[in-house]
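What follows is a group of structures, each given as structure tokens.
Shared chain: chain A. Partners: chain B in the first complex, chain C in the second.
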Partner chain A sequence: MTGPLIDIRNISVGFTGKSSATLPVLRNIDLKVNAGESIGIVGESGSGKSTLALAAMGYLKSGLRLMEGSVAFQGQDMFARTRTELEQIRGGELALIPQNSGQSLTPTLRIGAQLVEALRLHADVPEAQYSAKAIELLGQVRLPDPAAIMTRFPHELSGGQQQRAAIGMALAGEPTALLLDEPTTGLDVTTQAHILELLRDIARDRGMAMVYVSHDLGAIARVCDRVVVMYAGEVVLEGSTRQVLKTPIHPYARGLLASIPRLSDPRLPVALDGRPPAPGGAGQGCSFIDRCALAQDGCRTSRPDLERLPSGEAVRCFHYQEAHQLSLTGSGAIPASLDGASPSALHLDYLAISYRRPGLYDKVLGRDSAGVPTVDGIEITVAKGETLGLVGESGSGKSTILKAIAGLLPPSGGKITVAGGQALAPEVEHRSPDHLRKIQLIFQNPDDSLNPRQTIAQILEQPLKLYFGLTGDALHQRSAEILDRVRLGAHYLDRLPSQLSGGEKQRVAIARAFAAEPDLVLCDEVTSALDVSVQAAVLDLLNDLKATQGTTYVFVSHDLAVVRALSDRVAVLYQGRLCELGPSADVYAMPSHPYTEVLLGAVLEPDPDTAPTLSADDVVELSPPAQGCPFQRRCPRKIGRICDTDTPPWQQGVKDHTIKCHHSIADLAAAQAEGAAGQRA
Partner chain B sequence: MLAMLLRRLFLGLVTVWIVSMIIFAGVEMLPGDSCTAFLEREAKGKLLENCREAQGLNRPAAERYFDWATSAARGDLGISANGEKSIAELVGDRLGNSLLLAACSLALGVPLAIFLGVVTGLWRDRPVDLAVSTLAIFAMTIPEFVSATVLILVFSVWLGWLPGIVLTSASAPASEFFPEIILPVLVLTMVMTAHILRMVRSSVIEVMAGDYIQMATLKGVPYWRIVFWHALPNALLPAINVVALTIAWLLGGVVVIEVVFNYPGLGRMMIDAISDRDLPVVQAIALIVATVYVCVNLSADILTMFANPRLRTLHMRRG
Partner chain C sequence: MTVTSASPQNTGLMRTLSVLRDVVSRPSGAIGLFLVVFHVVLALVSPWIVPYDYKAMNSAMMLTGPEATHWLGTDHLGRDVFTRVLLGGREALLVTGIATPIAVTWGGFVGILFGLIGGRIDEVLMRVVDAFLSLPWILKMLVLIVTFGTGIEVLIPTLAFFYGIPVIRIARAATHDVVARDFVSAARARGHSRMTIIRHELLPNVLDTLMVEGAMRWSWMLLAFSSLSFLGFGVSPPTPDWGLMIADARGFMSFAPWGVLGPVIAVSSLIIGINLTADALAKALGIDRAQKAPV
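And then the complex of A and B:
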């Protein structure tokens, strides 16, 4: 076969809106994927990435309709094939790895049964060898103990293991092309880095083509040869990974890159204001016009074509030659930070938290079943006006600690004191109204935390009535003021949460927390559900509020670069135990604890010239070891028995930088330098 | 797993125990007792005292509750107020009849409801769905005595195909209830099918829109295999609990149907006992219905636990 493997020509896909007009979700898209080539599709959520990838399989979600164009796989039109032909190709020559394997594996079928099904449908293996072949596939995706995994149900695997099982299933039909829809979104950094390496290896060994859909430019940089940038259902930029990520010539691509927080840059990322037009909402001009710094009158009246340049790039912009004026990094605000000593706002005194309470039976039998606590020995002081970042993989106890501070989860040991040395009651019911007001919690998902039936006004008035007894005009005026502080106009007051975008909802959640005029704000993954451009705006807002109100934050995120952007100090957690604690600048510049080194090494930067260092396995530990160092089972620098038996001591570095390890910081620095030299050689 | 089962069983027993206290207390609070009911107008002075003495009604309430509860636990439900028959025997016949009615309705209704629920769910908003769903809404909203009356009118009065009321005596063997039982079974099946099918339909729709169904489609799994292998085991799980509730309803809550058709089941016995102020019988029936309710819910929970791998493994890990 000559010609491209996947050939998408001028497709437009749409759905019928309320006014019975057809609203386009994809507009005139061309995409060619050659055998063995790996293409990234990036863009904000709702830009049509998933729709495009699924269209390559001849599949449209219910409600969507192909308006024009064609999709060919191996030269044959996918939308003209019969159901039986499609069933042959899908999962066979052309396989999909879904975004969320936890939800994409059938919950009532064992992993083995689902793999065997894929083999039965697509593989050229005799029936008797199905299970041997399935075990082989699970081994190829580097799952430990494949035979045992076969008998598990999907929910018995961790997120990373589910994703690996899904990859194994996709490989069953020996595909020539893989479509991946956000395959690592929601996974831990270390897991993500391992999965991406696995995909790279597999694609290279088998000469598979990949279409990799992601909003994460770091992942794209690692696996893709070419990148397509989508905006509001159109391709706005296409080029080699290097061209798109290093010298993008479309204003949107530049804005997107600038809004990503970087490990290497202490400044806040630059927000890309505004939001993309809804399907059918783009005017006759350029769809990016409302957010574009280069826009001119001509952009409003006619829509730019996708222009193919001699350099191999394709760009949809009249003024792409001026795009280089837009900065890619670095014009963001310097994070507000406190100087000099400041009184303590929060002190965690050997905090321990255990989810498993001794049950009735255990009490009757006098058994101590609480076991090893989930979180233990947390000893941190946060100064007034300071931001403490908490980082660690999922399950490391970040949210647990926040819940204990907020009183939602009584600690099983230790004490929590606030400003002035007052101890906080463990349960929220026993806290004074004043304490309740002073500590506010903001959650990851505003959809869960905002009552969908209350208007924004009602949501904001609650704390104002409760804590300040405001009524009537004063109440209304104050709500409007607070909303203004999070940069939303007073006209939002009458709206319902469902009428707001994700970023706007999160601002309302922030506004509600700040309505209580808190001293301490606990942020739990507050930007994780948001697009990067929106995330940058929320980070900027939080930073602003900190500068003007002198608020103290405890900021939790699994995204290390986000934490870096906002925190003065950072605490690294593993299995509910502290590993490293110090000023952000020092910890990020010199990650000393072996776990911090592993964690930071796995971070993917949106730069094709960097590669992650994977020094430890991404096994998931279900519970911390009973004694010794919490990281003993995975530590690449483990000393020996002492790590298994003795709790490591605090080792002092410069200033307040400390780690908990049997190695000293100086030893670790020497070992790291040696490793780096070894790699270069 | 075993510990989990034992725990549920224990909780079920506690529930029945608490309910028995509530029943006893409730009947206790009613004005009058079985002696005043039995003696009617002569219920005064010496006669009343003697009667109470004979039935042990002048003892403290706690003592009487203890006696009642312990003998009930042994299966001895006492003697009805008019002192003729043992309640266990009276109620036994009626319970058997109610079970017969329930079993017939379930045997007909559950498979029908699941079939129709799946069909309407898969062909959502198509003619077959619109037709069946409309009928189901009718069956749910029309009061049972109306549909019962209409059926009697049509099949018994006009067409003369089936007997309209039950004349068989309460203690007759099951086989003698045919064909009299057919019309009551039809009415119950209609109502029950409507409820279960609505639930199955929405569950099928929800599951079919799920990520794993899309994934199976894009893995090249043929449609009907997706339906039977990937979708239905998940979609039917919630049906187990609805069926359990239906069973409980069939055994104690279908008074109207039993009255309309003169069917000698538990519900009608309860009504009769209430109007006769036969308090021991009222207590006994209430206790039986509560026990049945607890039992079917318990079995449904256990069945769900076995059928749902999530719950099963959760409890296995916990031991």
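And then the complex of A and C:
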């Protein structure tokens, strides 16, 4: 067969809006995927990237329809094929790996049965060999003990294992092309790095083409040869991964890259202000015009075409030659930081939290059922005006600690004291109004933390009425002032949360927390539900508020680069236990604890020249070990029995940099240097 | 996404209007709402438009069939059936019209409270509710009515009490979904009282479910009221009532079916109307898990 494997020609896809006009979701898209080639599609949420990937399968979500253009797979039009033909191709020659495999696997069927079904439908294997072939596939996706995994149900596997099983199923039909829709979003950093390596290897070994849809440029950089950048349903830039990530010539791509926080850069990322136009909302001109620094009058009146350049790139911009003027890296502010000694704002004194409570049987039988606490031995002091970052993978107990500080989850041991040495009551119901006001919590997802039935005014009035007893005009005026502080106009007061964008909603949530004039703000993954360009703006806002209000933050995130951008000090948690604690600059420059080393090594940078270091395997542990070091089961630098039996001591490094390990920091540094030398040799 | 601006007071009103428009735009909603409004209006104006006195007996014209002077014929005492059908819903609508809001209010409040408290207390109390619901309703109600009499002053509290209990279940289940969301945690962490959380955070989000549930309860309650009348524990003669009329006329059903047919059609059309409206309302409010708009 000659010609591209997937050939998408000038397709436009739209839906019928309320005013019965057709609103386009995709506009005039051309995309060719050659055999064995790996293409990344990036863009913000709503840019149409998933719709495009699904259209490549000849599938459109209900309500959407093809307005023009054609999609050919292996030279034949996908939209002209019959249902039976499509069923043959989908899952066979052309397989899809969706974002959340935990949800796409059938919960009531064992993994083995699901794989056999995929083989029966799509593979050319005699029935007697189904089960042997299924085991072989599970082995290929590097699942430990494939025969045992065959008999498991999806819920018995971890998120990473589910994703591997889904990849195994997709491979059953010996696909020539694999469509991946955000396949690693929601997975832990270490797991994500391992899955990406697996995908790279599989694609290379089998000569398989991949269409990789993601908002994560780090993941794209790792697996893709070519990248397509989408904006408001259009392709705005296309080129090799190196061209797009290193020297992008479209202003949007440059803005997007500058808004990503980097591990290597202590500066705050630069926000890309504004939001993309809604479907049908783009005017006659360029759809990016409202957010573009290079925009001129001409951009408003006519829409630029996708221009193919001799360099192999394609760009939709009149002024791409000037795009290099726009900075690619954070020229943003250096985060406000603390100088000199400051009194303590929060002290966690051997905090322990246990989710499990003794049940009736345990009481009757006199069993000690509390078992190993989920979070244990957390001892941290946060100075006034400081930002403490709490990082760790899912299950590391970081959000649990925040809930305990907020009083939503009473600790099972230890104490929490605030400024002035006053102990906090464990339950929020028993705290004094003053304590309640001084500690505010901001949640991960503003869709969940803002009441959908309340207007923004009603949302902001709640803390104002409760803590300050404001009423009438004073109340209204104060709400407007607070909204202004998060850079939203007073006209937002009458809106409902559903009428705001994700970033605006999160600003309202921040405004609500700051309405209480708190001393301590607890931020629980506050940017992880947001697009990168919006994330930078929220980080900038938090940094500003800290500088003007002198607020102390405890900032929880699984994203190490985000934590780096904002934190003065960082605490690394594993399985609810502290591993490493120290000034951000030191911890990031010299990650000493073996876990920190593994974690930072797995972070993907949006740069094709960097590769993650994968040291420990990506086993997900469900509960901490009863004794010894919490990282004992995965540690690449394990000493021996002492790690299993004895709780590691604190090891002092330079300044306040400490780790909890049986190795000393100096030993670990030597071992890391040796490892690096070994790799070079 | 359309961005509209409105003052806070208007936002609620605008939503009500748009929901109403949505209900009417659905065939089930349009038919249902028409039937309900038709019955309610008729119940209000019927005393002034009925052709005969509902008490007037006529021994010369017993069980005559439908004709020009008596559209639905006459009953065994020679009373005009059409007149009595027109008037026969008044008691039922009055009693259920008062009892339904009471049932939804108290059941809703208790359900939300259970849902908010959660934990073991909630589990134990819900098992009590389940046990209570497992008894046939008619038995429970008859016990009270036989003890306290059959007047409106007994019927309304009895119906309101018994029909509030299933509302507890629904309100509790809806509350459980809301309580798990972060805005409730946020309110708790701010230190709001339980009542404030119920009023500001939970109630607005449970209200949709309660409205639909209320409509469903209303139709069940009408059925219960008619059944009680049928058994002789509701409205006392000679006041016309659909249930009572069916009870009186069923003996002659084989040769004078109009006596049964009139009230049966009346009560069925009202109940069907309420159910259709509830259905459309659920869809308009998005509680019904039907298709949603793409994107």
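Following the convention adopted for this analysis, the second predicted complex is superposed on the first by the 681 of 681 C-alpha atoms of A that agree within 3 Å, B and C clash if a C-alpha of one lies under 4 Å from a C-alpha of the other, contacts with A are read in each partner's own complex, and residues count from 1 in each chain.
In the analysis below, contacts are C-beta pairs under 8 Å (C-beta built on N, C-alpha and C of every residue); 3 or more make two chains touch, one makes a residue touch a chain.
These numbers come from a predicted model, not from an experiment.
Novice: Return the chain, chain B or chain C, that is in touch with more residues of chain A.
Specialist: The partner making contact with more of chain A's residues is C.
Novice: For A:Glu68, is the partner it touches chain B (first), chain C (second), both, or none of the two (neither)?
Specialist: Touch status of A:Glu68: no partner.
Novice: Where does A:Arg453 make contact in the superposed view: on chain B (first), on chain C (second), on both, or on neither?
Specialist: A:Arg453 sits against chain C, while chain B stays out of touch.
Novice: What is the contact status of A:Leu96 with respect to chain B (first) and chain C (second): first, second, both, or neither?
Specialist: Touch partner of A:Leu96: chain B, not chain C.
Novice: Answer with first, second, both or neither: which of chain B and chain C does A:Gln88 touch in the superposed model?
Specialist: first
Novice: Can A:Thr106 be said to touch chain B (first), chain C (second), both, or neither?
Specialist: In the superposition, A:Thr106 touches chain B alone.
Novice: Residues on chain A in contact with chain B in one complex and with chain C in the other?
Specialist: 61-62.
Novice: What part of chain B is in contact with chain A in the complex they form?
Specialist: 209-212, 214-223, 229-230, 233-234, 308-310, 313
Novice: For the complex, which residues does chain C have touching chain A?
Specialist: 1-8, 11, 181-183, 185-192, 196, 200-201, 204-205, 291, 293-295
Novice: In the complex of these two chains, what residues of chain A are touching chain B?
Specialist: Touching chain B: residues 54, 57, 59, 61-62, 83, 86-92, 95-96, 98, 100, 103-110, 117-118, 121-122, 153, 155-156, 169, 173 of chain A.
Novice: So in the complex, which bits of chain A are touching chain C?
Specialist: 15, 18, 25, 61-64, 278-279, 406-408, 428, 431, 433, 436-437, 439-441, 443-445, 448-455, 457-458, 462-463, 466, 491, 493-496, 498-499, 512, 516
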